[in-house]
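To keep things simple, chains are lettered A, B, C and D as they appear, and every chain counts its residues starting from 1.
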């Protein structure tokens, strides 16, 4: 099949020398001073920083820097090596990311396509700075669509009996080809064994406004209860079903006039917008996780 | 104490001859035709009608008429008497209300004043077309405030032991002086016995976005869970705690930067706006209840 | 080229016998009674009605009925013929529409595809109950995309010199094949001559929150002015540029952190959502126009 | 008259040693490093920092620090003196504020009280950490209300002839007793001479969604145009009428059913919320102004 639709790469400013640094550590005087002094001495120009202190008197501290560094590919490893001393002093958990190194996504879907379509669409419009490495589905339905975007499609059926085997196959296919797994209305529960391979790197869209209406048929539940607002929640997947750290939520007003079908239709629009925002923030390295909460520097 | 703040009556168009009619009945052909024909023949001019059919093939039907009728005080009783034939034919539950007959509110409060203040304020601005007949509290704190608006204040303490006695006292004070009870952050649970005196005539504001975070400390729970949106819910009080028909909900976006105090502060603003809207729609006879849902013709 | 993506027809309840009736007339007693009585006598079962009276004491009155009528194709003409007497009596402007008769859309685009994509994808998801009869563009760029949906694509270039000729060609292509023209980011001004062929049947999406920022570069203007909220407006096209009746608007919060590119990206999401909603309401016959305002029964 | 309503001071964490520093300067490498290093060396513990760079390649840079410093009253002057060297090197405009030093407000009103009431009630609830030093009005109407909060009320009538004289009187009354002037629906135009005494220290609430509907009768205009969303804008007052830097905006959805009175009523709610938010951010030193835009670190 021909690739009928061309991906337009985003016309972004040159980001070859741009890097991002995310740090979490116990709060203490001197952190910002030390890190920014360190970056300055290594020739890095801070273009953006965000920080958040949970509680000045002894909580956690989170900081995100975006900086430019000449000759990044050569100099970043040096900077990383040297930073260990600062990190050790403040007991930091830290990561650096090069802006030019796009995250690779593996998108999991079942039969509903609206969330996948939104991602494809934002990607082809150049609004999603990631590579969509593959789509994996327990159904064959979306092969034509996905391949028309030039993206590989893996159909891996899942039944109660074959579940363990199917996950093994999924892991093989994904192997080291994806940095983030996006569950775009994938209707299978992921096993703890799978989840621990991708800690805080699996994003799910929950078709409801968590923590309300956990579980199945949320729109039918919402209709029964006559709620006036419905919503959707994007969160990282943890072992606790629907209980992982929330990245983004949004809502829309509804009324008694909206029947279950309408609620579903409205819900689809919220779901795709919320999931796309969460994915965007993750791939831009804007999300830190502490315990069961996120800090989103957006 | 002097009444330091004068209530400005709203400058509304003359509504002496305006009435409202609310009808629920099983859906069936001919309802609208029959009622509107009936009203026309009785000289009533329909100025507004809203209807909603839950499911054309056999569900419930709800309709609200606003009409003008010359010499309303004399003619409405005639119309009501004659309407019985239409009502019987369609198995209708129906009510009529004269627009000039303001609803009388009894507002129950405890120690937090923001919801009460919003009602007082909208009332003095002429935006709430009701009479605030009294404020009842289990604490003495707001007497000065309430009396400065020229409104009677009843301090009826409640303890675990005196609860039954206190409710008896409340009922005596309210007796036939109030059409609607508004729980404006009243922190006592109302007994089923009290509730059955005011079916669908007690409105509560729940300090959270139901059905999430039922129960105490919702803002602490919301903080723990790292939600990105908080909300409030106004509902009629039924025997099922926090489970009655929802009249109105609203939300506001929050972030990790909002600590529990901030969430409470933001929550207060949502609570007072949501409660005031629900009260407004009730006193304008815009809310019908069926099973555990509302139909709000706003 | 193969049609790579199949349109899923919406699984709607059977609407073969469903019709809609839209009426505007000077307000006067007895309108609702007369029309609903008329419908009842002709065997029509009203399943939904909405009405709005601009000003009871002498303004305009708008009403919309949805009704079921056995054997609609045969009986509707009879009903229409008979209705003339009612219509004349109340000086009504009125229209009837059969629900089974889908509106046919001609979508005009230039180089930006986000609004077209939203329509195509809602259409293929079965959320847009219309036929997309054709896409017309002054550029060749989207032919592959459009034809992959099995929809005819007409490339009609427009220059200052050829404008009149191009519009003639457009009219020929559209001729009697479209009920509604959707300007989905079509960057040419439509001539009054063209507009008068489609009165209140051309919908445009304005890339800004009218009446603010009329004219070019709205997002740059919004950035300069440091606005905290941006929006989009869908309106019917009239001779007054960007001045036609507003059908729908929506907004999103932005901050000083959003540069012009971000504002454009956010704007794209609002634009496509707002346009799709306006189109949906039009094709469901929910929009009445009076002077330069709409009444939207949604 | 007795002060009938007591102000409850907010139960805030001890902020005696908390200070805030706001800096604007041309962007250049090393700013964050230098300032945070400076603060660290002076024993200041940064508890919050926010920064924004308009354009890394040569634009403006804005930063806000919140820090704790032992013995602030004694040590801040030292720190300020020493900081001059850093400030000069980077051509900084900078200010420091002690958190314990509450801003003093002079609130100007005319005849509409909703915005004043919101401020008074947030203040008495402890949500507005400021002192309301006085209320000034060109009408006598609100004296009772204001004095019942224990706040001085100055009635200074204004006519076309006495305007200059009245402004002189206002300036005398305010003199050095207020840090911020809040125009809470004050219906007189402030002269440039007055404005230049309070640069970026006069906040106005505009009863419409700027830049749309500048001028009189905005709600009537909104009704005529049939807009689907209305809003309000809080901005600093500059010589250009309604053209100063926007601090906050918000909106609410309306429909054709809302007549001009309804729009006004809805507008009042938006106005008071938007004004209160803008005042809150100003008194917490979260707003920087550059050219005609604000940077709001909220």
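Throughout what follows, a residue touches a chain if its C-beta (ideal position, glycine included) is under 8 Å from a C-beta of that chain, and two chains touch if they have at least 3 such contacts.
Just so you know, these numbers come straight off a predicted model, no measurement behind them.
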Specify the chain most distant from subunit B by Cα centroid. A
If you average the CA atoms of subunit A and of subunit C, how far apart do the two points sit, in angstrom? 36
Would you kindly tell me how far, in whole Å, the mean C-alpha position of subunit B lies from that of subunit A? 42
Among the residues of subunit D, which ones contact at least 2 other chains? 52
Given which chains touch which, is the overall layout a line, a ring, a star, complete, or other? complete
Spell out the part of subunit B that touches subunit D in their complex, as residue ranges. 1-2, 4-5, 113-114, 117, 121, 125, 127, 144-145, 148, 265, 268-269, 273
Touching residues of subunit C toward subunit B in the complex: what are they? 29-34, 36-37, 39-41, 45-53, 56, 68, 253
Residue set of subunit D touching subunit C in the complex reads 52, 55, 209-213, 224-229, 231, 245-251, 255-257, 259, 292-296
